[in-house]
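First chain written, first letter: the chains are A, B, C and D, and each begins at residue 1.
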Amino acid sequence: MMASMPGYTNDKEAVQARLRRIEGQVRGLQRMVEEDRYCIDVLTQVSAVKSALESVALLLLNEHVDHCVTDAIRAGDGTEKVQELTQAVERLVRS
Amino acid sequence: MMASMPGYTNDKEAVQARLRRIEGQVRGLQRMVEEDRYCIDVLTQVSAVKSALESVALLLLNEHVDHCVTDAIRAGDGTEKVQELTQAVERLVRS
Amino acid sequence: MMASMPGYTNDKEAVQARLRRIEGQVRGLQRMVEEDRYCIDVLTQVSAVKSALESVALLLLNEHVDHCVTDAIRAGDGTEKVQELTQAVERLVRS
Amino acid sequence: MMASMPGYTNDKEAVQARLRRIEGQVRGLQRMVEEDRYCIDVLTQVSAVKSALESVALLLLNEHVDHCVTDAIRAGDGTEKVQELTQAVERLVRS
């Protein structure tokens, strides 16, 4: 079922760059807490990290549909991939 | 307006422990991408990190209301803090 | 534990007006489906209704903190109300 | 670009039944407010309606991918549909 190359292969560097920036934002949150920064300012930054994570998810989702799902449909075997996709969107929407 | 001690002071270690774990999860995501793991598995893990971030936000929110907002209300000066709180919840819900 | 007047009492008409508008939006969705409108257009309208519901939730939340939670804190009995509030925000964020 | 039959055609009755139930839930919210029900109870019900809306969205999304997007990909014209899909998911996640 798994392709040997994931859908984000062509965007791998972009995905990694975003994840490294998110890692930096999470370390920034630790510094804010260490420095006893005001709760609301920390919360604002948590929301920013959440938003950045969602952007990565949407990029991965787009590449997944554009490659893995597209390939499966072309091979006449899209049904399972479509269900799997809906479940992934559900986890993202409800998390 | 800002108290010298933020609402999460008594939970500072718990907040930091959660943030360090989230940092580890984000590094885990980078490893998954590095190893060309399947898109849907990466997405599932992104949703897990998003959920962990929301848990930190809810902890910070609880402590903020329990201390900062409570103190402001007792001092007869809660109006601004309540508006600020609603805006923080809005950023969290809409991000 | 329950006050005889809910926190949204002064905004009752505004809350009802928003809920009636949301009811109209949901009936509009039924018409769109009846008329076989394009999936993405229906989905865009579903997202708009979701956003309108969140606005009502944020209004109710604001009034609840500004009245019910504030009154409980002034009466020296805020702890339970603060936990209840955090749980309500959690249901909203995770739903 | 638009098919004459939307992706949810086979599920039209199920979609309509869900939308009517959501309409009933929104009227139930109006009754709760009319009866001065406790803020937190109203908020809990708002979260339930939001969750029901998301379920409709996920059903529409699934049928859209399973029919409209699949047909476009088979016709060798999936690129635009995939971008449109990602944007719809983004509106849903961020709303």
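In the analysis below, a contact is a pair of C-beta atoms (placed from the backbone, for glycine too) under 8 Å apart; a residue touches a chain by one contact, two chains touch by 3 or more.
Values in this document were obtained by computation on a predicted structure and should not be read as measured data.
J.: Once you count every C-beta pair in contact for both, which comes out on top, B-D or A-D?
T.: So, comparing the two chain pairs, more contacts are at A-D.
J.: More than half of A-B's contact pairs recur, by residue number, in one of C-D, B-D or A-C. Which one?
T.: C-D
J.: How many angstrom between the C-alpha centroids of subunit D and subunit A?
T.: 22
J.: Cα centroid separation between subunit B and subunit D, in whole Å?
T.: Spacing between the chain centres: roughly 28 Å.
J.: Of all residues in subunit A, which are in touch with two or more distinct other chains?
T.: Residues 51, 54, 57, 61, 85, 92, 94-95 of subunit A each touch two or more of the other chains.
J.: Using the touch definition up top, name the residues of subunit C that touch subunit A in the complex.
T.: For this pair, the touching residues of subunit C are 94-95.
J.: Which positions of subunit A touch subunit B when the two form their complex?
T.: Residues 2-9, 12, 15-16, 19-20, 22-23, 26-27, 29-30, 33-34, 36-40, 42-44, 46-51, 53-54, 56-57, 60-61, 63-64, 68, 84-85, 88, 91-92, 95.
J.: For a test of understanding, state which residues of subunit A touch subunit D in their complex under the given definition.
T.: Checking each residue of subunit A against subunit D gives 51, 54, 57-58, 61-62, 65-66, 69-70, 73-74, 78-79, 82-83, 85-86, 89-90, 92-94.
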